[in-house]
Amino acid sequence: MFRHVRDLQFEAKPDGPDAAFARRLQEVLGGRWGEMTVANQYLFQGWNCRLPGKYRDLLLDVGTEEMGHVEMIVTMITRLLDSAPLSLSEGIADNPIAGAVYAGSNPAHFIHAGGGALPVDANGVPWSGAFITASGNLLADFQLNVTAEAQGRLQIARLFQMTDDPGVKQLLRFLLARDAVHQNMWLAAIEQLKEDGLEEMPVPEAFGDSGECADNPRAYAPEPVLPAGDPRLYGTSPDRWDDTVT
Amino acid sequence: MFRHVRDLQFEAKPDGPDAAFARRLQEVLGGRWGEMTVANQYLFQGWNCRLPGKYRDLLLDVGTEEMGHVEMIVTMITRLLDSAPLSLSEGIADNPIAGAVYAGSNPAHFIHAGGGALPVDANGVPWSGAFITASGNLLADFQLNVTAEAQGRLQIARLFQMTDDPGVKQLLRFLLARDAVHQNMWLAAIEQLKEDGLEEMPVPEAFGDSGECADNPRAYAPEPVLPAGDPRLYGTSPDRWDDTVT
Amino acid sequence: MFRHVRDLQFEAKPDGPDAAFARRLQEVLGGRWGEMTVANQYLFQGWNCRLPGKYRDLLLDVGTEEMGHVEMIVTMITRLLDSAPLSLSEGIADNPIAGAVYAGSNPAHFIHAGGGALPVDANGVPWSGAFITASGNLLADFQLNVTAEAQGRLQIARLFQMTDDPGVKQLLRFLLARDAVHQNMWLAAIEQLKEDGLEEMPVPEAFGDSGECADNPRAYAPEPVLPAGDPRLYGTSPDRWDDTVT
Amino acid sequence: MFRHVRDLQFEAKPDGPDAAFARRLQEVLGGRWGEMTVANQYLFQGWNCRLPGKYRDLLLDVGTEEMGHVEMIVTMITRLLDSAPLSLSEGIADNPIAGAVYAGSNPAHFIHAGGGALPVDANGVPWSGAFITASGNLLADFQLNVTAEAQGRLQIARLFQMTDDPGVKQLLRFLLARDAVHQNMWLAAIEQLKEDGLEEMPVPEAFGDSGECADNPRAYAPEPVLPAGDPRLYGTSPDRWDDTVT
Amino acid sequence: MFRHVRDLQFEAKPDGPDAAFARRLQEVLGGRWGEMTVANQYLFQGWNCRLPGKYRDLLLDVGTEEMGHVEMIVTMITRLLDSAPLSLSEGIADNPIAGAVYAGSNPAHFIHAGGGALPVDANGVPWSGAFITASGNLLADFQLNVTAEAQGRLQIARLFQMTDDPGVKQLLRFLLARDAVHQNMWLAAIEQLKEDGLEEMPVPEAFGDSGECADNPRAYAPEPVLPAGDPRLYGTSPDRWDDTVT
Amino acid sequence: MFRHVRDLQFEAKPDGPDAAFARRLQEVLGGRWGEMTVANQYLFQGWNCRLPGKYRDLLLDVGTEEMGHVEMIVTMITRLLDSAPLSLSEGIADNPIAGAVYAGSNPAHFIHAGGGALPVDANGVPWSGAFITASGNLLADFQLNVTAEAQGRLQIARLFQMTDDPGVKQLLRFLLARDAVHQNMWLAAIEQLKEDGLEEMPVPEAFGDSGECADNPRAYAPEPVLPAGDPRLYGTSPDRWDDTVT
């Protein structure tokens, strides 16, 4: 079970509001490679892990940390949404920045969430359980975790280039450092798995690699000809086909 | 079965076009708490209702009314999409408003629907059958209907603040009034259900509440240790694990 | 941020395996009203809450408890998946039970998850971020939380009728009790909100209920006639229409 | 707006329960080509139609009829779900039919809907707003409506072969007849559109068919070479590339 | 199996970058009626076709050509994404065009894809396998292919009106011509199917059209009254109902 | 562009039909880690690749091969679907195998696809464009490709254990060998990328790893207190809050 601590792992306060950037920041919250993905992925991998001990502990520990990252990004987004132009007339009244913020923000941030974060990506598409994998094979999954941290860090580095706000940049810098630590952690865990004699590449090691396969694909079988099929399915069938018309 | 009446329940004509607001208005048409949700939810609850009489009638009546709300909002959106800037050059030629409208509109309104409404939310994400519930338990479902009307009214009130168009505001004010009526209607139906002796809180009443549960959650069971699992699933397994390395 | 405690809130061990029931139990893990929904919904409501203090604390506390329910159900499902028939020949070899288990289980439990739980519902459809709402309006959201607990308890009561396994029934009974506690908790929070003068029905109170709306819907506007539309969208247009053919 | 009539368009009563067939019947309710698709598609096409008169009327009339088909199929499914085996032990106790029904039914019919129909397909995947198109071009859309009725009729004909229940077969036969009528109706409407001089194939007629295109595709352009890209996106870039290693 | 040729079927180079149009162009790549849809639809129809010969060959040939259209549009989008304003300050610094491009572009093009195309529509919603149908009945499917090409051509014609870039217009003109060729091709294939005596309208011909159905829908059955339902599903039940309260 | 060759890369013929296994085999066709995922992922990575030469060629070559794997698995599934029991009475008439096949098969294989394969996973959930990533950073993406081949090979190895059919096993063995080759290929490409000086771990190398981050997460910031929010969003606000009631 879990305990919630009221403090945050890191400061999540922008120097000023920016609803257009809030929309973009959603990508690393609820997108394909966002914090909801890594949090849930590591926790499911840990809970499903049939090997007690250090690997299971590592998965649950990092997954729990990532839940705190979800919290920080939600908090940052909520603050970035303050003072946003709500209508077209506000959006163009004062200056061109307001117009771009009005047009470039996510309307659901206001209409659905009342100025709060959503479990969606930068286009407002909801996070999906299909984003995560806990296969039961730790080597396959740790490889996935390496790329999850690499893709996540890449996205945060890009977001770092998309804002001038010092407070936002400070949080992103913290997350970049954590993602670098985690990339190295999963790479080390892969080496550890091999050292412990638990799994090898190519996965799954227990299914022997025949290795007889040529490097370049070529055709080994003729064009397939399918049988006519059940007439009760009303498919177009060779049984009614006059060969002479071919 | 249904009959369609050509007249509308209420006027659905804006004073002028506004494609950026049309995108926002989609939230209460095809979003999580939009009119498509309540229309389909009440109709499915009514059709699945195993209790003949007033509750079934109420569900089918209000669901049928909500179909007419779908119609009004589709009509309003279609009209708001007129005269929209289609290209970037049009979008910035005349004035900053056109630029914000171009950038803030839903491109699918033009490319897919040719200037018509779509069964999607404010971000263009399609309406989903997963949005509705007809559980067969009327008390649980009427509670859902209360919040559906409350969330819907909240969103319409926010949209009311996002436009200056008198024609749009007039329609939204009508919908706000209907949603207030419906909130009260479902609250009254909950009281009626209890009076009729059909269901009580907590749902389901027929499964007795043991009530022995402490208010604050705490751990009652040790850390779970899972069995090794079927080797044919190639999971990482304690059977190959050397305890000394832990 | 969060801390993970290795112990479970309650015992999650079946007396025997049952992959067909494991598939059904997924509904209250990753379905529309499952534990992933309430956990994420309460946490997002708490994080987005602009009112510091007791309501925010309540949301984060209950959301954190629900994370532990996710953990217990994942653990139970993983154990129920042991010793499952993997192939058709195994499925029918011994007895009719194995045949029904083979045919009635979720294949992805084995092919994708290697004998572990998945963030999906009883049909294998992934959990979606669209299932949760954190609207910023606590009364609307607490009404949603009441129904979420009611729908969840209803589903668990039904699952209770779908198994004879004492270990499973024990866990379900625990969850039923917690969901009863939570239903009452949210109902009490609704009363508290009203007592604190923060919100009233119909939501949002701040947008006055005109109340002038007739109970029975009727038509107030004529059939809408839409303008011809932009010819660059190539829609079928009245401009080419010969009125005499109508 | 709409009016609901309590009577059904046709009898929707099976001779006996069959939860496995109820799951299959969902395909023509909430699947890609089910009644929810045609009902919503025709209504949206009608509401978005910028041409007043016979085409708009036809779309709204047929769409309204399809809403009644949704109602009939929901009613039939709800009745087919009666007396279903809920647990594995019930499923195998009496006879092999119960085992196949237990394993072959949709668990959400019971856990989520309490013995009622759902807006999902035969696999329990929710209906999606992405299933429908209302493009504003009537010829393109009537062609879609022809195939929608053809695909729907094909599916119902297949379902007709999947049951021996006379009551179910009677309803399916009615739906098959209506779908045949509708196929012919949309084919006639296509001819009418051409006669009225409103649109021609290939769509859109107003964008002239250059016709200069060879029948067989061949390459007209060399392999594309992309520019290096913005370094702030951290893509792998030719700028760091040592040409000698290629 | 397939072979890839490095050359493109047609030039895919814009005269200048335009990230806002790149977002719009995604509709005909990964939208409901985009190139991914027709490519996959024709290939699945061909692979599933149980009739060897000319129809199967046609499906696989056109499907393979459409894979090349996917390639061209991906290439065009990637080039249109160059030099895009990444931040709000860039977006408004120079001129109003940059502001509209910043606000009107798809953030995932940069954050997720690093300046590349995505398998999504103009709103960033992912392409879905639910978009395609291969029913096994060639007449039903060829009707679908006619509308797929018509809807696709319609969308490309609209996009043609949404840009002034000569390079983009050249590619769109090429695609318009191919879609016109394909519309005629599927219409001819429908005639050929009938001539070959393989299928007739209404589909499926083998299920005879009773034709006894009246043109105008009317009620043939009374209001349905459902049985009480299994008490173990905890639905609201007439068994507890006091008739006097109705 | 592409050319289609009529021959198959490998024989795809089962020794006998098995509709229940056909459903399971869909996981490696249209599931999260199926052939549609790797085919589209490698092609998009290649098309979006801004580095001409060997990496781009490798991506397009392997992606094109995977398209041929899609073809082989579709063909195998179509053949496995022959002679399936369509109705409950057929399903239980002869033997318990037919009952398990009836209950364990995917109904959409027959109702929607007429005895053909579908772009869906083992539960009938459609393939999604969200399954693929082409980030523009080759090291991040090659890491993803390693795990994609590992997860894919793991799933095929599990499917190998779920059937006794020699023809099916022969195809799976071929695919296992190809996936082993591809795992090694992507691992080698990762080493090559590093040797070529193009990228290093942690990704992105160009964003320096500060490395100052402690290994164990701890709280660095106090509990966040959010501002009151815009009253026009009707959120529950501290402005109406009487501090004494806390």
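Lettered A, B, C, D, E and F in written order, each chain numbered from 1.
Following the convention adopted for this analysis, contacts are C-beta pairs under 8 Å (C-beta built on N, C-alpha and C of every residue); 3 or more make two chains touch, one makes a residue touch a chain.
Nothing here was measured: the structure is a model prediction, and the numbers come from that model.
Novice: Which pair wins on C-beta contacts, A-D or D-F?
Specialist: D-F
Novice: Same or different interface residues for subunit B and subunit D, judged by whether over half of the residue numbers are used by both?
Specialist: Homomeric contact, same residues on both sides for the most part.
Novice: Sort the other chains by how far their Cα centres are from that of subunit B and give me the top one.
Specialist: Chain centre farthest from subunit B's centre: F.
Novice: Return the distance between the CA-based centres of subunit A and subunit B, expressed in whole Å.
Specialist: Subunit A and subunit B have C-alpha centres separated by 25 Å.
Novice: Let me have the rounded angstrom distance from the C-alpha centre of subunit E over to the C-alpha centre of subunit F, please.
Specialist: Roughly 21 Å separates the two chain centres.
Novice: How big is the gap, in whole Å, between where the Cα atoms of subunit B centre and where those of subunit F centre?
Specialist: Whole-Å distance between the two chain centres: 31.
Novice: Quick check: what residues of subunit B touch more than one other chain, meaning two or more?
Specialist: In subunit B, 1, 5-9, 32-33, 48, 50, 65, 68, 75, 78, 86, 96, 99-100, 102-104, 110, 112, 114-115, 120, 123-126, 128, 130, 133, 135-137, 139, 154, 157-158, 161, 203-204, 206-207, 217, 219, 226-227, 229, 232-235 touch at least two other chains.
Novice: For subunit C, which residues are in contact with subunit D within the complex?
Specialist: Going through subunit C, the ones touching subunit D are 18, 20-21, 23-24, 27-28, 31-33, 96-97, 99-104, 121-125, 154-155, 158-159, 161-164, 217, 219, 223, 225-229, 231, 233-238, 240-242, 245-246.
Novice: What residues of subunit C sit close enough to touch subunit A in their complex?
Specialist: Contact set of subunit C toward subunit A: 1-9, 30, 36, 40, 43-44, 47-48, 50, 60-61, 63-65, 67-68, 70-71, 74-75, 78, 112-120, 126-130, 132-137.
Novice: Considering the complex alone, what residue numbers of subunit B touch subunit F?
Specialist: Of all residues in subunit B, those touching subunit F are 154, 157-158, 161, 232-234.
Novice: Which stretch or stretches of subunit B touch subunit E in the complex?
Specialist: So the residues of subunit B touching subunit E come out as 1, 48-55, 86-89, 91-92, 96, 99-100, 102-104, 106-108, 110-112, 114, 120, 123-126, 135-139, 193, 195-199, 203-204, 206-207.
Novice: Would you tell me which residues of subunit E are touching subunit D in their complex?
Specialist: 5-13, 32-33, 65, 68, 75, 78-79, 82-84, 86, 110, 114-115, 125, 128, 130-131, 133, 135, 137, 139-141, 143-144, 146-147, 149-151, 153-154, 157, 160, 173-174, 176-181, 183-184, 187, 201-204, 206-207, 209-213, 215, 217-224, 226-227, 229-230, 232-235
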